[in-house]
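In this document, chain identifiers A, B, C and D correspond to the written order of the chains, with residue numbering beginning at 1 in each.
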Amino acid sequence: MAETPAEATRVELLRRMERIRRFETRVGELFADNELPGFVHLYLGTEGVAAGTCEPLSEDDYITSTHRGHGHCIAKGLEFKPMVAELYGKETGYCGGKGGSMHIADVTQGMLGANGITASSTPIGGGAALASQIRGNDNVAVSYLGDGATAQGPYHEALHLAATWELPQIYVIENNHYGEMTNTEVQHPVTDLVKQADAYDLPGVIVNGQDVEEVREATVEAIERARNGGGPTVIEAKTYRYEGHYEGDPQWYKDDEDLPAWRTADPVENYRDELLDDGVLTEDEYGEITDEIDANLEEAVAFGRDSPYPDPEAAYEGVYAEEI
Amino acid sequence: MAETPAEATRVELLRRMERIRRFETRVGELFADNELPGFVHLYLGTEGVAAGTCEPLSEDDYITSTHRGHGHCIAKGLEFKPMVAELYGKETGYCGGKGGSMHIADVTQGMLGANGITASSTPIGGGAALASQIRGNDNVAVSYLGDGATAQGPYHEALHLAATWELPQIYVIENNHYGEMTNTEVQHPVTDLVKQADAYDLPGVIVNGQDVEEVREATVEAIERARNGGGPTVIEAKTYRYEGHYEGDPQWYKDDEDLPAWRTADPVENYRDELLDDGVLTEDEYGEITDEIDANLEEAVAFGRDSPYPDPEAAYEGVYAEEI
Amino acid sequence: MATTLTPQTTGETEEISVTEALQQAMHEEMGRDEDVFLQGIDVADRGGSFSVSEGLLDEFGPERVRDTPISEAAIVGTGLGAAAAGMRPIVEIMYSDFMGIAFDQIMNNVGLMRYMFGGKLDLPLTIRTVDGGGFSAAAQHSKTLHSLAMHLPGIRVVCVSTPYDAKGLLKSSIRHDDPVFFFEHANVFNRKGEVPVEEYTVPIGEAAVVREGSDVTVVATQAMLYEAFDAAEELAGEIDVEIISPRTLDPLDIDTIADSVDKTGRAVVVDEPTLSASAQSEMVAQINEEAFWRLDAPIKRLGVDNVPIPFSPPLEQEVIPDADDIVAEVRTLF
Amino acid sequence: MATTLTPQTTGETEEISVTEALQQAMHEEMGRDEDVFLQGIDVADRGGSFSVSEGLLDEFGPERVRDTPISEAAIVGTGLGAAAAGMRPIVEIMYSDFMGIAFDQIMNNVGLMRYMFGGKLDLPLTIRTVDGGGFSAAAQHSKTLHSLAMHLPGIRVVCVSTPYDAKGLLKSSIRHDDPVFFFEHANVFNRKGEVPVEEYTVPIGEAAVVREGSDVTVVATQAMLYEAFDAAEELAGEIDVEIISPRTLDPLDIDTIADSVDKTGRAVVVDEPTLSASAQSEMVAQINEEAFWRLDAPIKRLGVDNVPIPFSPPLEQEVIPDADDIVAEVRTLF
């Protein structure tokens, strides 16, 4: 049974989830209003995973992310303004408009990037962990990947290498039961994808991704192990994708019965209720938190909307550090 | 405990091992004499694996092989003459001199090729198995890979797909304790590489690769399972590489104590003694078998040596079926 | 004078999109030959990310229309193995950007296997994939990568622009006994055009002169073909542009291109890959070899100027060539 | 007049092989900067399949000299991640043929990450690998693949021929803040030459005129540089050959090449990749662009004529260009 974290931690977990929930909801609206170019993959329903895994990390720890990366960015401490601006493709975005939704990164905060190729960021996380190991410092790397992505070869190479070298890396499989429009069962021979940890003699943990404290506890343990030279851990969080694969996806392939059940297990609302019930938060305090988030968010939307597009010539800059 | 196969089968197992042993020994000599271009990776010490896995296959079953492929070729029924000619780079070789040691193939006998990229042939074997599945016929595919090769991403993708689709494919990991000059322990987090089968809920079997009957029995079971729609099996054969990674390898990295122990477990000599002891073979009969093999081999060497090189212009042929 | 992308045909035609043309091609070939099957991510239930395989699952069932895991090396590698075992597989790589995962299979097995095995083995594998930017999909979902396939021996490379070519060349690719890398293009799927109602194929290896002109030869592929048409219209009266659609890039029908340059004396090659060591470089090199003595000006090329594809619309528009760029480039030659 | 591959230097020099030059470069850079480390298959205990990392394990220990599993995607990807985290990794891909396994990492992450992230992130990653045929190693162990790297934006490409360049450019590559794909060549390791005893580097992006001549410019890389020298000697008295060693292929020092063609009016590009959409195509395209008006003949290129590398010695000799081929090709221009 999960040991209850300190009150401040619990509030922080809720705050991060609310930030993600509100951000993603707003992005969904902006997208529906044709305000955003390209496509977006929303993290709604899965907030407990990003919040629970990132909260115990320090700024010097690393994460690597996926095409569904907004939640990880927010949970790791990235700010709304440059995130929204990036979604708009504006100069003021984290990537100056060059990356967009699938490539938001802020290396100064240890966020080594969302990544549009499934599982392709897992070796990158391994490299950050390797840097820690060589330098003998305490930093760990958390690498997220989806259920579908576990089928990719480079993930196995990364996991195998991390296990062989006992790298301080934590793999977090977000099993949201779909890879694009295809059900998990169609794509995998097993239900519990964490079984792959066995192949490399790694600890593998299944957590309820809708329970942020359970996610956090498993992560804290994994971090502890990693920092003590115990090598990687694989955490599989069972969770659900409320939205389509991308916004606009008609979702005809989804099982009608699933969504209501998962909605009942909503990680954000239930946790809010829990904190209110436990007296950790009053309604007022909760209102203050969400008001601040919403205000921040609207500021960010205005910022993104009003920021200038990059100069077209900027397209030719930033490929290299050094012009030759 | 292994059920003893029929006498004819036992003789056949020995015959195939002897063919490999004698072929490889002779190739080692030819290489040392600078008769062969390029480099060769010999199968000496591992004969039990190829013989035990190929004997139960029919001509319509497929195998895919590795850079260390001579043993698989011979066990699957390929002939000495065009094999030796190929090693010489002659026109009369299986590949007309274009492939050499690492690419011997004879699709008419279900031998889909040696392959110089570690584990790269495993998806090809999966494809042959897929063809059987789609056509609804009985053919299975056996795919060999080394211990070192199990670290490669494409192997996992192949295994994962085969497991998901329950393809009639059998993976045979030849764990000879070295990947090039590096010890298995340095390259893997686990000793038993068959553990990877667990990740995909596949049966994984460890066999003593020096015991051809044990290898065969596991294969027969796996074939049975595959033909009955039970999907893939992973077999890990513990074995040993008597020679260097390639001929000429100084082998300073090898543990001095290992080789004598493995020599004592020699798959060919011990099995010969067993068959003699069991009265399955007389010394004379054994002599006839080996004489025939040796005669064949010397014929093949003469054939390879005396065959013409391909015309240089042949280099530009055979890239495509259809000239455009 | 052919000044239209619609083929000259005497029979009945219908207007369809490139997507529909590709659908028809697969339908017809799967109906014609039991050995043809399709596998890829979301190709069955969903009918493909670009709807190209819609309807196939219903018609041909799950044995022959297969949703795969996200495993491009396995998708291509098992396709190759099935081809070696006598099937005629079509495998889909959803975006050409994802070919990296399968690149070892493509480079070391698909392209080399026949040759390494002495030329004896038919490998009738079709790899379908999608090139192209323009949708703010950023650097990992917008590349045009057929140059990589062109560099690899043993693999034919097809790049289509029109419904007519899409259908006719996909059918030829499926029937072909060598591996064919068939590049669709995100910006071309919705283009419409006439195709014959009767069964037909377009041979691999033949370019088409799609607009005759006397002053300059513009060789343009995929979506660039439409940009070239717009440019030619813009230049009409000033410079008379001949446009060639290569359709197949490996082998490149250099004879048709060289004949045109023979007539015009000037050439601009327009294609969407980054320029360095690209399809464009190759076309320039071959034109230089075959038509040098007839050139009145350097051969020009347009493409993405060696930068990744950026996300932001104004940046992306900047880097992908369009009709204006072609007009400007053509004018530099006079 | 520089008619030798040995650099002009006033200081003391020593004669070493390319292998020794590469060893020295890594030794010196690892000694100079703690952030430099090396990983790859058999690079530590064995000292590398081509002995390039011999001695490094003893001197710098197993934390910084690492034998990896056979996992090229992980080798390159973790190298990249470590670079993003501030290290300065050198990763080895034993043969360039094996880059297929790592190609997604190379194409989609190594080359794109800085740009996608807005240009802010230094990625000082050096990928060392080995090109080249000539050893009957057949089609999967003999390719010359630097053209693929040239096609990818965000990655610098270095190809060396001499000990002087090998040492100076590997040192520069390791110090460089962008990813550098450093191609060694199987047929060049044993070549010897003078290098300064004093510390030096060779800048990325500068070609060298290694033999002056007035009649034709031959641009030659890797082992082909030596073939070009032999060809020039053979032609001496008949045709006066100027030889350029590009050394860096991305960026290509087209100015130096164009200046030479300006003088000679003729150019032959010699490199070992298969020709289609290759480094050679790119050099031809750029020479055409920059020196067209000075050309007295078509630009010629030599390489492997779009076939896999065969195993059998007479076949392999046939497909890989040599001095005789260069002589013949040069003569066609006069």
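By our rule, a contact is a pair of C-beta atoms (placed from the backbone, for glycine too) under 8 Å apart; a residue touches a chain by one contact, two chains touch by 3 or more.
All of these numbers come straight from a predicted model, not from anything done at the bench.
Distance between Cα centroids is largest for the pairing of chain C with B. Pairs A-C and B-C differ in how many C-beta pairs touch across them, and the larger number is found at B-C. Centre to centre, using the average C-alpha position, chain A and chain C are separated by 37 Å. A straight line joining the Cα centres of chain A and chain D is 40 Å long.
Centres computed as Cα averages put chain C at a distance of 31 Å from chain D. Counting partner chains per residue, chain B has residues 95, 97-99, 103, 115-117, 151-154, 157, 160-161, 164, 186-188, 319 touching two or more of them.
Shared interface positions of chain D, defined as residues touching 2 or more other chains, are 68-69, 71, 73-74, 97-98, 100-101, 104-105, 108, 115-116, 138-140, 153-154, 306-308, 310. Those residues of chain A that touch chain C in the shared complex are 37-39, 86, 89-90, 95, 97-103, 115-119, 148-149, 151-154, 179-182, 186-188, 253, 309-310, 312-316, 319.
Contact residues on chain D toward chain C in their complex (touch as defined above): 97-101, 103-108, 111-112, 115-116, 138-140, 147-148, 150-154, 250, 273-282, 284-285, 288-289, 292-293, 295, 297-301, 306-308, 310. Against chain A, in their complex, chain D makes its touches with residues 37, 63-64, 66, 68-69, 71-87, 89, 101, 104-105, 108-109, 113-123, 153-154, 156, 176-178, 204-205, 248, 251.
Those residues of chain A that touch chain B in the complex are listed here as 151-157, 160-161, 163-164, 186-190, 195-196, 198-202. Contact residues of chain A toward chain D in the complex are 62, 64, 93-99, 103, 105, 107, 112-113, 115-117, 120-135, 139, 141, 153-154, 157-158, 160-161, 164-165, 317-322, 324.
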